[in-house]
């Protein structure tokens, strides 16, 4: 299998795991929109059960933090993959299972109104043990709803 | 209505709003366990849909951050109530609706294994505009799963 | 006095206060490099007393956090000025004195090696009470040493 | 050398390094007050050059964050020592040199007024690679000035 073919296979497996196998991702309706190594994106639709403020109808803060957390984790994982291109597929997948958030800061900038939302992750630094990522959450009108910064164990 | 009776009424209304009216709190199964002014507590049961790591079966990070966020908000709200005891009930309830998280840090200390989880909030500082709270999440074996620190708009 | 002349006067006064009147800024050698409303910059030279790790000779973490904190505060202040252009000069200066950091996160990405360092602040959100800013610290080779996110009381 | 004697020697060396050899610690006047494994303490005196707000005369935020950062690092280091009691002294000292802050959150709760200040560090979790600590800064009247939470690389 060529390196490119293995890459495609890895990304397809990650996509399946993320979208289908992580129970709480399904509750939130999180779907990978792009597995670009430099800035992966995760998307979800507004749905009534994701509401926090029942008078105003905007997203619950916990939905925002969950979307930001998993997108930061994806960015951390993909950032490490770029550096470890020669590992076998199994080792790479195992790494995905070992990924863990050390800590996360979320800044809630504007109320979460919108039809759908998209979180984009950016790697600030990848090391052998720890990766640091920045995440932005926009709504469908490209308004910046929240940002996050997270540290992740990657190895 | 005496001040004590009004207090009880306020707390009963907050409990109903929190447990029944906030859609995403219901998805998570969050229930107020105590509205102690100094350290309110929120509890939820482990359920299959709250899982993040489907191999190990522990809580999704987003569930942890959501529980920590709302418990910090409760602590901020109750901390302000202590200072503003003489406001009419309607004003107090309106304040609850205006409560907003400015930012939140979460430290994920141990994997979220357990039968049920309890988050406890502590006020570090309340001002006229901003309150700062610290939150601890323990499991049913009293293991410290995660901590948080959050700043909230309260007025 | 025209509005533009008042602007220039305000910025000149801020520059003097920042560079000359804040004792610990002088200890660090912090100097305003630009008071651009959208991304102000603060600069300082490496000096032996700013070292943390005496074996390797890089910046102390406290120097990094101090530079990031004050640059975030400047960005918050200037972001609010843009919105409140019609206030008299005295009111604007008073606002500068009332500026306060609520909380700050710093991510230390790379050891602080370099001849000089520059922190740039960006406003993520300005409100009537609270502003949120992001800050980047680069060295003279444009390597990203650290980033920060801070919430500031602005009114 | 007995294990207890080695412990004392290690702590004495750490104290010397911290107080005498780290240039910016000397600028701040930071002195180790206690190397208790469970909650080390660092102390410093108010001095004119540590002031941030020259009108009110309180501590610069950067002094607060620096004191919190180094105290959190000490707590992380000592927390790891408890777990690795059997390492030779040289290995332990090398570990001290490798200690690095990944990220830090600081909450500035009250203006830094006082004659002297004391930061106390608490370990929330120690692992093989990463330790998480919480830090409190009080003034000489036992008023809580600021708190912090930090993640540190320890191995």
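First chain written, first letter: the chains are A, B, C and D, and each begins at residue 1.
Throughout what follows, a contact is a pair of C-beta atoms (placed from the backbone, for glycine too) under 8 Å apart; a residue touches a chain by one contact, two chains touch by 3 or more.
Please read all numbers here as calculations on a predicted model, not as lab measurements.
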Taking each chain's centre as the mean of its CA atoms, the one lying farthest from the centre of chain D is chain A
Count the C-beta pairs in contact for B-D and for B-C, then report the pair with the higher count.
B-D
Averaging only over C-alpha atoms, locate the centres of chain B and chain C and give their separation in whole Å.
34
Taking each chain's centre as the mean of its CA atoms, how far is chain A from chain B in angstrom?
25
Do you know which chain B residues sit against two or more other chains?
102-103, 105, 107, 132, 149, 151
Which bits of chain C are touching chain A when the two form their complex?
105, 107, 109-110, 124-125, 132, 134, 144, 147, 149, 151
Spell out the residues on chain A that touch chain B in their complex, using ranges where they run on.
21-28, 48-55, 60-63, 65-67, 69-70, 97, 100-108
In their shared complex, chain D is touched by residues of chain A numbered 102-103, 105, 129-130, 132, 149, 151, 153
